[in-house]
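Each chain gets a letter, A, B, C and D, in the order it is written, and its residues are counted from 1.
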């Protein structure tokens, strides 16, 4: 168990290779193999979680090998309170995703081997602590996604895939520039931990074209991650990609890939350039507000159920941004309000996990109805509640979780984000509470149009949700409920790491104000 | 005639004239003739450097090779030109290029 | 005397080359090219390269130039000797090539050429022959293959559609 | 932590309904009788426990009686949320109300909902509701109160939308939830304002630091108070968010009795009572005006409604306005008293209306008439002889709500009006408050008797169904009788007082007002004293207005000596305003919802059709055309523009530019040479 983190990354890669060599026509064999591989990975992730020491906020299970010594590139892996929950979520969603994609009929082999490759890329990004490795996994993730959308997607899949690809590529190029900037200013190393140590001093006072180098890098890297989140002006790939992608891929896209953005901002921007957080926090909060309102309004106007859920993702990630901006409350100039900083940052991280489970659930459920009706037009249903009570119940649960009802995890994290951001960004938070109303409005309105009213005669033979589909949704629902009622276990897991980040940001402020 | 400069002067003149021909001529055969001029200029250089570097015969070998190449090139180029002409009834380079689009 | 001959040959070469690229009749260009090639052969003689001079006349005048004239005749309907063809971008081209020449000229006058004197050899043919079959055997073989290939290629290409 | 029954019993009361909910939602269909016995059993158990608590409270007879327990829910180091319960007299009385009305509703529904398609779900949701309502009641901090608050909203959503096949029910449920959410936003902002200043969510520390006066004061505190009050505006259906409650009558009638009359809508008032110490004088003034406006508006609307449940709904809104008015004028125990009495008689009124609707429904069913509205009072009349139990019980409750002595409503309404009057005497600027209050009281008496007369007196309006009208079975009449009896004053003045016009009794002794935590406000004693002075005047006036209202109703609907048609014609526009509920829905629709939806649509259009299509794809197009241009440059040599550019650079060649045709290969070559030249020049200089 020395190299447990490497196992997490390499098992899916091996799995992808194995799947690629399986006979083409043995669809079920391929499916079971993928399920076994992701299941194994999930189990390892659980083992990792059990062995993880939550009281220690720094990196654990570190692995470090030389890779390309001439460029100071190494193979460094590590996990802390920020990445561990995301690894767990990844393990779970990819495992569930196999069953969601059970009914994929076209080129099953290609699908699952790309799927496993994607898995490896995602886990790799969460675990790698070397920028070079990080960037490689970042790109590894991109390519399978492109093919998965472009080949197994809906009618506009090619357009969606190329748009997704170009958008993200644009972002990752900016990110690469930022990373190279860090590489050259911080003594030619890609080691993230080392850069974290060195960067505040190394970047202090460095000017590029008359601008502070740290700010330039901050913005470059931020845009790279912001596209993934997606933050407002970079969000238009998301609805399209979500709508066109096959159900399982939408689930993963919303459930995990969007989280990479938030994860990256906290890991890189906050961890390496905490000083600039103060400079940008207002903007971050404002972008959060725009995400909340814009996403909410757009969702309200949608007639495509999947697009609605996609816009709800934009809306929900806005809360996360708000919470992230709250960290600056810990700074001396804001009165050193540790409570708000803790509430905000943990809320943001918690929200990212919760959105992962809730939106995954929503997408699976949309997939269920699409599977039966072959369309997703909200106005084209009606009265399904009397025909499919179980499905209606689960969807109601997911929708209520999505609109932030107490008792579901989304409420806890949204409330924490709001409470955290409130002392510093009072007006912005008050304006963004409108988002709570929008949430309720679009979910309930859609719910009414799909499920309430007279049963649409077209769907009088609609089948109830089946066992396999229930199997994919129920774990997510249970998690959502559990953390909504008792968020303690999650928050304990991240507490030490969050404190470390907050401390860093707070410390920098006192240091900078001197 | 005893300094290398005069030979180089002539060869550079020849080269520039050849270049001018290649640039300005529309007829493929005329372009080919420009190319021949350029090749000749190069040959003069080879031979001239050969003489003024203690009669090093390597330069001669090179110019021989160039001549052979020129012959081969002329043969192939003319074959192509004739082929183009057969197909398109013109050997104007830009016409040919335009018809290709 | 030798100087005078040299400069006359040089002048003939340059002027006929200029005629090649400037005049509008293709056949005239070809004939002017003949003079240029002869002039270059003359220059070779001044450079003690008797073999190359001979080859120049043989291959260029006897081979390439004939080929070019054949080409002209095959691709134009010859009703008169005057086969006109237009030039283009002579202005820009002229300026560019002129300046190019100026730079070349500056370069060659300023360059510190290293010289080493030598006596006029009796003949270069023997030496060339030895070198071609010893040091330069491989290039020689390759170029002969190339030539063969070019010949076959030319034959195939110009065979037409039949 | 959990040692005494004062903690364990409230926890049981809290969680038993939740357990019933979980059992019914998962296994309800498979259980015998669809598991209604689980729900009824659990709720009756909670009622017994609540009675036990109540008896404990009476035996100890201590106004400062208080128990509490809490557990850490979120602990991030500095940021902590503790969830806990607070059990004091207020809580116990409220628990008693909730469990009593809830038990009645459960029993009443056994008959009323018999044979419903989603019988088990109905009972499950009732359990969920009771759980969350008890959560509000027991909360000792803002967070768990807010959580229960929202859960109450959801159970209301689910129950209003119980018959979701009807579009009107689905719409009403959505409207209820969203309108409540508007209030909840204010509530949440209030919580955040308080927390960011005080750093605690639990009530006690909040009161402490407010009375300290340093952490939060002045405008911020006023805003925080108003924010929290906005939650009450939504939940207690106050102006301007009152629009959802009448629509909520689309739900089953027992649900209306439980939630939209007795308990859930009272949650707002309960919260104001619970959090009274945080409201500043300015905030209280606003609260008072909102209450008064609500009371009068709803009362005016109720006059002209013909749907029996709509009348009751508006009457509920109006009575809630009274309670809020009382909170605003400082006599918040009076508000709670009215909450208590109102819960009893209003629940009873709804049960009675449910009983009437039930028999109407059956009668119409027998007559195979499916078009007639069983809730329209114009189709009733003369039911007195057919349904005597319902009639007398309803009459008692009507007397109570009208404020006639001997009945509970008189005591509580009198206390409110006295407080209002005292407030106006202290602040003559606010003379409008008692004026509106007394007018609303008069109108209440009028429209309630209108309802009684139209339904039970006179001649039957639909003779063909009249023969099939029967008294309801005992599952329904049981609660009716019980709650009707509870409308007598005696239950609220025990054990020391048998005087029907004096409100002294256990309630007054045990529920004592506390001082406001806001520095500089009137103390509870001062308020009580002022109210005492105004008491007799208020009593006289309220008796007078009640009598006037009843008299008018008798004249118009019993004796018919004043024609209601003539009157409505005379005041045409007033009549239309009232009949159309002051056009709130229409105006909200026109000026709020539609613009909002249009905004959403245009934002979506902007996002998808404009921003994405032109801006983002424009980037793509730009890049594409850029690469096309550079490709042209690369492959075709140069473009006219570039040649022009070159010509401008070298003026000499300018004249020759015209000679240059769009060349191909050779242009390319030319520029190679030119490029070499440029390189040479750059190299040389």
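A few comments on the model shown:
The definition used in the following text is that a residue touches a chain if its C-beta (ideal position, glycine included) is under 8 Å from a C-beta of that chain, and two chains touch if they have at least 3 such contacts.
Not measured: the values here are computed from a predicted model.
Number of steps on the shortest path from chain A to chain B, with steps defined by chain touch: 2.
Two chain pairs, B-D and C-D, are compared here, and C-D has more C-beta pairs in contact (counted per touch definition above).
Chain centres here are Cα means. That of chain B falls 95 Å from that of chain D. In this assembly, the C-alpha centroid of chain C lies 101 Å from the C-alpha centroid of chain D. A straight line joining the Cα centres of chain B and chain C is 6 Å long. Put simply, the C-alpha centre of chain A and that of chain D have 36 angstrom between them.
Within chain D, the positions touching two or more other chains are listed as 661, 663, 666, 670, 673. Within chain C, contacts with two or more other chains are made by residues 88-90, 93-94, 96-97, 100. Shared contact sites, meaning residues of chain B that touch two or more other chains, fall at 19, 23-25.
According to the touch criterion at the top of this document, the contacting chain pairs are A-D, B-C, B-D, C-D. On chain C, the positions that touch chain B within their shared complex are 2-3, 6-7, 10, 13-14, 17-18, 20-21, 26, 29-30, 33, 36-37, 40, 43-44, 46-49, 51-52, 55-56, 59-60, 63-64, 67-68, 70-72, 74-75, 85-90, 93-94, 96-98, 100-101, 104-105, 108-109, 113-121, 124, 127-128, 131-132, 136, 139, 143-144, 146-147, 149-151, 153-158, 160-161. Interface residues of chain D facing chain C in the complex, by the touch rule stated above, are 646, 650, 652-653, 655-657, 659-661, 663, 666-667, 670, 673-674, 676-677, 680, 684. Against chain D, in their complex, chain A makes its touches with residues 166, 236, 239-240, 294, 297-298, 300-302, 338-340, 342-343, 346, 383, 385-386, 393, 400, 405-407, 411-412, 415-416, 418-420, 422-423, 429-430, 433-434, 436-437, 440-441, 444-445, 448, 451-455, 486-488, 491, 495, 498-499.
Residue ranges on chain B touching chain C, taken from their complex, read 1, 4-10, 12-21, 23-27, 29-30, 32-34, 36-37, 40, 43-44, 47-48, 50-55, 57-58, 60-61, 63-65, 67-76, 78-83, 85-86, 91-92. Taken in their complex, chain D has these residues touching chain A: 25, 72-79, 117, 143, 146-148, 150-151, 154, 157, 161, 164-165, 167, 169-171, 173-174, 177-178, 181-182, 184-185, 188-189, 191-193, 195-196, 199, 597, 599-601, 603-605, 607-608, 611-612, 616, 620.
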